[in-house]
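Letters are used for the chains, namely A, B, C and D, taken in the order the chains are written, and counting of residues starts over at 1 for each.
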Amino acid sequence: MTPHVLTRSLDRSATIFLVVVAGLGVLIPLSNLLLPAGSALQVPTYLVALFGKYACYAILALSIDLIWGYCGILSLGHGAFFALGGYAMGMYLMRQIGSRGVYGNPILPDFMVFLNYPALPWYWHGFDMFWFAALMVILVPGLLAFCFGWLAFRSRVTGVYLSIITQAMTYALLLAFFRNDFGFGGNNGLTDFKDILGFNVQADGTRAALFALSCLALIVAFLICRAVVTSKLGKVLIAIRDAESRTRFLGYRVESYKLFVFTLSACMAGVAGALYVPQVGIINPSEFAPGNSIEAVIWVAVGGRGTLVGAALGAVVVNYAKTYFTSGPLAPYWLFMLGALFILVTLLLPKGIVGTFNAWRESRKATEKANAESAALEDGVGEPKPAE
Amino acid sequence: MSANFLDRLRGLLLAILLAAAFAAPALAGPFEDAVAKFANDDFSDTDEAIGAVATSGNPLAFPIISALQEGRLSADPDTKKVFVTQADGKIIDAATGAAVDKLPDNAAAVRLNNRLRRAVEAALGGLTLLSPDPAKRIAAAQSVFKSHEESALSVIDGALAKETNKSVKAAFAEARAAILLYKSDATEVEKLEAVAIVKAKGDQEAMALLTGLGSDVPPNVARAAASAIASIQSNLQMWSMVQNAWYGLSLGSVLLLAAIGLAITFGVMGVINMAHGEMVMLGAYTTFVVQEVIRSRYPGLFDYSLLIAVPLAFLVAGAVGVAIERGIIRFLYGRPLETLLATWGLSLVLQQAVRTAFGPTNREVGNPSWMSGAFELGQITITYNRLWILCFTLAVFVILLAMLRYTALGLEMRAVTQNRRMAASMGIATSRVDALTFGLGSGIAGIAGVALSQIDNVSPNLGQSYIIDSFMVVVFGGVGNLWGTLVGAFTLGIANKFLEPVAGAVLGKIAILVLIILFIQKRPRGLFALRGRAVEA
Amino acid sequence: MLTKLTHDIATLSRRRWLAATAGLVLGLAAFSNANAQETIKVGVLHSLSGTMAISETTLKDTILFLIEEQNKKGGVLGKKLEPVVVDPASNWPLFAEKARELITKDKVSVVFGCWTSVSRKSVLPVFKELNSILFYPVQYEGEESERNVFYTGAAPNQQAIPAVDYLMKDEKVKRWVLAGTDYVYPRTTNKILEAYLKSKGVKQEDIMINYTPFGHSDWQTIVADIKKFGSAGKKTAVVSTINGDANVPFYKELGNQGIKATDIPVVAFSVGEEELAGIDTKPLLGHLAAWNYFQSIKSPENEKFIKAWQAYTKNPKRVTNDPMEAHVIGFDMWVKAVEKVKSTDPDKVIDALPGIEAKNLTGGTSKMLPNHHITKPVFIGEIKANGQFDVVWKTPGLVAGDAWSKELEGSKDLIGDWVGKKCGNYNTKTNKCGGQGT
Amino acid sequence: MSVMEGRTTSALLYLDGVHVSFDGFHAINNLSLTLEPGEMRAIIGPNGAGKTTMMDIITGKTKPDEGTVLFDGMTDLTRLDETHIAELGIGRKFQKPTVFESQTIEDNLLLALNVDHSVRGTLFWRGSRDESERIDRVLETIRLTDARNRLAGSLSHGQKQWLEIGMLLAQDPKLLLVDEPVAGMTDVETHQTAELLKEINKEKTVMVVEHDMTFVRELGVKVTCLHEGTVLAEGTIDQVSSNERVVEVYLGR
């Protein structure tokens, strides 16, 4: 993107967001690596891994907000793209194990050895090279999204129908990846990783670096999203969200726009998945579960759809709540709280945390302006119509 | 051991005839020793005891063996005394037949394993060939058909001559044919006749019998058997198509049942209710509670438990549905995707609530006797529970359809969903209609839970396994059209069942999902889509 | 004036925003520094929600019960045991996260947990990295021996192979249906069984293998296929590695289609007392299960345990099952090892554990082997009408768990030996430790 | 692909023998209609006469079951989709004013401008002086210059109608289809709208669907009355309103 695009795309909350993410991305790894363990300000490694996971979730949330918040496409299968990116990275990590697997086979991953694979399946070739895997991380989810979107948008599948078939897509992938014959390790998935680019995945340094990289990816993803939504294309997307057929009658090829943004979003989700896998140490078909995708949508709803910052914030808040409530005496009741959170947010904060905050700020501004100019401008805050 | 037993069985059948003729009084000695062996709690001793008792010719043999089969035979390991608890609750000493007041404290039921259970069945088969009850005679003949035990031939011949009941006679003839087929010294003509009879029987058992035939049969017989196998096979092949169709209908009915409530809440009202599965689950748990109460208070009513559960489940799930509509959904009309999120949260809460209240494990919901078992229709087995569920589903569908068409509520419901403002201005209390419609959809989901409790787990996860399928059915069939849901469910059910034998259960399911995705491209609004201006609104 | 106000508010809100973020970070950092001493902490890593809660909740209760009993006896090394319960929610990455939290934040000395293989695989790197101890109580597919994990459930040779042996010898089974849920445990077990059956002269056409998805509920076709397969004139049996939830509809369909145990017996490896509690067992009379423990086994230890357990749970009908017994044995072994080395230091405890013996509930004494599996008796039980099992056969002695299956091509030369060779996958042919590079 | 060999008619819009039915209901029945270049035509008819469906057919939203629809004498509209038809130069204003409510008025017009509508073009779009001048002109025409930065959702009903007409202007089409432009407007606004349309008609061909007879009379153009999906009468407003069948249909006799 040109610098022009960059400056245009940054408003105040976006700047704060970027500063905070960049700050955390630098400070947390430094604190983890440089300060002595046990010191009050040292961030323990397990928290670094945890925050790294949150950062990946935040990218996923951004990718969902881009299509749902700005274009009204509610994908209930975005977890599929995330998981596919994760699998591409997982395959690279599996190949890196080499002969250090339990059976010591230099080529075949362990699960293939004990399931008597004679040779590496063709689709596993090339994943020993990082660049190839990295390409696949973007290409595979992107291609799936392109094919799926090309079919769906061209035939004008919209609203709940689209949501349901994205769910069918991820469910079908879930079942497929569960199959051991599919060649991706079945239910156990891919795990027991050793190295990434020659660095031990479990080393503190690698974890800190992965965290910093996730923050960087989050920043880049955020900038891309901002650039898209603040461009004229962003206006077209909102137009499609609010009045799809009107946009068509203005001469816009709606399906191309949807396809573009859907594919872009899937690629971002794939990158998020790829960063996620080395940090949590496993990728398995349950990432395809429709429930996961729905949950990711809920992060966006909690944070505030159509705000980008809100999506990332929602991902962190909900996942932090999950981490917090699944330990300790509250553990048996955490589902009650999570469920209640979802219900209450949709009922009481329909615009999400950031959306509500923005609305509040706008209305303050409006009142002041009204007082100052004595000019009535009551309903200055246009409420985005819910996409259907 | 088992061969040993079979040797004795030959004697047994003769002995029974003798016993029947002379009604000789029991002699003390070997019989009592044999009976005492039941008390050793050792499977091989029990095996010997069965053989000895069955061949003893003692009139107590039948009560003892049938008591053994039904777990009413108990033994005291210390005194080696064995007791029969009769069906009427009276207890007798197995060795002497003398009445006993009560079982000793340390008496335990004589244990069986599968091998012994088969021995018992065979023994009873022999013992009941001459039973006055025709059903029992048929069962005995069938067990002889399976065992094709040569020693039974003379009894069968005798019985066949006297038999007047047509179907029993046919069963005897088949049993006789089975024996002859395996009898080494039967003539070729006899064997060929036997092949013809077995071929006419034409089912899987007949196939098993013919394929099990060794290589020592005359070439003519082998040829006849081979052609009989081929013909049975092609016959069975045809039946397997019928069978797949039936399985498809049955699966379709389950899908329809799970989806039909959703067709109301989602299809008619446009509410994406992710907690729909939990309504099904509530219905299933209602059934569980009803059965628990019946088991502890009114055990005689068990067969009616489902009939009692249906209205209760409707009320429970319906009431919860109304509460959900009033508490959550009514604030979210016009924002269908937000309802999706809120109801998803709700489904988590409901699941965990049930998990807390009833525990995380499966709960037992029994099948009433009329829901158990199966009957044969031609060469396919139709289980009663599936059949009843199919009938039940269709009944629910018809009632629902009639309700929507002919009742005031149905009219109001259609009015409100088509034009809310207009309906309100006509004096319809739209919010009441909304609540009732949602309650109706939920209540029907509850009823579905009653039926599903008969074939699936009753656990907090029950609803989750149906929610995706239900949405697929409704979307495939076309939102807002009950007939679409019906056709959608049966189409998916049948397609699934025809794919399953070819592709396997997992790939079959994946294929169905991919087909649905592609189908939606072709018809973005489902099978029975409404067309025209109203749709765009 | 007013513009300044707006600006102030905006700045204020920005400050608050920053403060909130900082608060979150500090809060997270603070709860990581929770101090802990005085007690020995024991981590419990079992799902209390989600799909696996159905099986795992009982195991959490078991460990809590065992800790309470131990504390009544004065705890360990004079310290009370303190359970730390977390809920990994049937979510595999969450298992890893929670394991990390238990070890680093809560500083637990040992973790009892996991049910599915994938959850174990998910936490494995964490336990290796942070050098802690996991006791894994469920029967599994084998092919693993890790320094930080102790496998108290059955390996395939402690469950599947004895069961097949029983059917071959006692029931004269000639034809086999291997039906399972499509995941690693059934796949591997069936591979092992297939190889084993063939080595016993069973022909390929007499083996039918069938896989179904998780939670499969429509069994009509498969049960009909089994019936058809079983009508080929040879005695047929089904070896079921069908997982959890799918069992109830499977058995219901079997019962309804009239397949009796006397015709085609089904031997299951994942169906225990807990699963049967959800089924009407009358039609299932005589179907089999192979386990290392049954509630119905008469032994003084077992009777005492059941009584205490039912008193603890305040439920006189609460059943016990095999993985619970595995936890009982594992817990006992851990306590003994800690007392032996007078420390909870993981390295010391790991070294001390092999060779430790603990009474199992069926009247024998199990021993921790150098490959971190234990010796166990194998029982075959038939389902009774009351939802319990009637033991119809048992191995003469205890069977030692094989980490690596002798039937599989890739693993037949491997052994796990953490005492002598200090290696989980030692290749006896090449005399090399497999995991350490070539 | 859709260009026929040579012109077959001089009309800008040519409909002949068009049929469309929804689930057995004949919404359009053998409809034939022509619109010459530069003409303004008013379409009247009772509810359900097929007015909106006719517009749907012309703009590609609904495909007719049979019949010919030609634009500019050469292009078969039945084979094209909405986007393509819009690009050809047919603009449409909806019955219910449809503007992008969460965007500013200026953005609404910006989106309507007939510039590069490709994904690439909009992603790397930078405003040009020409574009902003055009927007300014339109804003002036629809009298919303002062409100240019307000969100369209905050406009009154009448203003929304004008904004939508403004969007049509920004689109710069050859043919404008205007569905009920004065619904919900005050008399003054109605009058102003009539003036506006007449102004527009100086350069463009216009088809107006309207119920408001005063407004139609004020336009003073040829009127077509539809009924049950077919043309009932055609002529000046006086001719049509004195037609017996029209009176019958309107008054339900």
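Things worth noting here:
Basically, a residue touches a chain if its C-beta (ideal position, glycine included) is under 8 Å from a C-beta of that chain, and two chains touch if they have at least 3 such contacts.
All values derive from a computational prediction rather than experimental measurement.
The greater number of contacting C-beta pairs, out of the two interfaces A-B and A-D, is seen for A-B.
Of all chains, the one whose Cα centroid sits at the greatest distance from that of chain D is C. Work out the mean CA point of chain C and of chain D, and you get 70 Å between them. Averaging C-alpha coordinates per chain places the centre of chain A 43 Å away from that of chain D.
Centroid to centroid, with C-alpha atoms defining each point, chain B and chain D lie 64 Å apart.
Among the residues of chain C, those touching two or more other chains are numbered 48-49, 182, 211, 213.
Annotation for chain B: residues touching 2 or more other chains are 351-352, 506, 509. Across the complex, chain A meets chain B through its residues 74, 148, 151-152, 154-161, 163-165, 167-169, 171-172, 175-176, 178-179, 245, 290, 294, 297-298, 301, 332-333, 335-336, 338-343, 345-347, 350, 386-388.
Per the touch definition, chain B reaches chain C in the complex via residues 43, 71, 111-115, 117-118, 121, 204-205, 207-212, 243-244, 247, 250-251, 254, 351-352, 355, 359-367, 372-374, 381, 383-386, 454-461, 464-465, 496-497, 500-501, 504-506, 509. Residues 4, 228, 231-233, 235-236, 238-239, 242-243, 245-254, 256-257, 260, 377, 379-385 of chain A are the ones that touch chain D when the two sit in their complex. Chain contact summary for the complex, chain C toward chain A: residues 2, 5-6, 9-10, 13-14, 17-18, 21, 24-25, 28-29, 32-33, 48-49, 84-89, 91-94, 96-98, 100-101, 104-105, 116-118, 121-122, 124-126, 128-129, 143-144, 182-184, 187-188, 191, 211, 213-214, 408-411, 414, 424-425, 427, 432, 434-438. The touching residues of chain A, counted against chain C in their complex, run 12, 16, 20, 24, 38, 40-41, 43-47, 49-50, 53, 99-106, 110-111, 113-116, 175, 178-180, 185-189, 191-193, 202, 280-282, 284, 286-287, 316, 320, 322-323, 326-328, 331-332, 334-335, 357, 361, 364-365, 368, 371-372.
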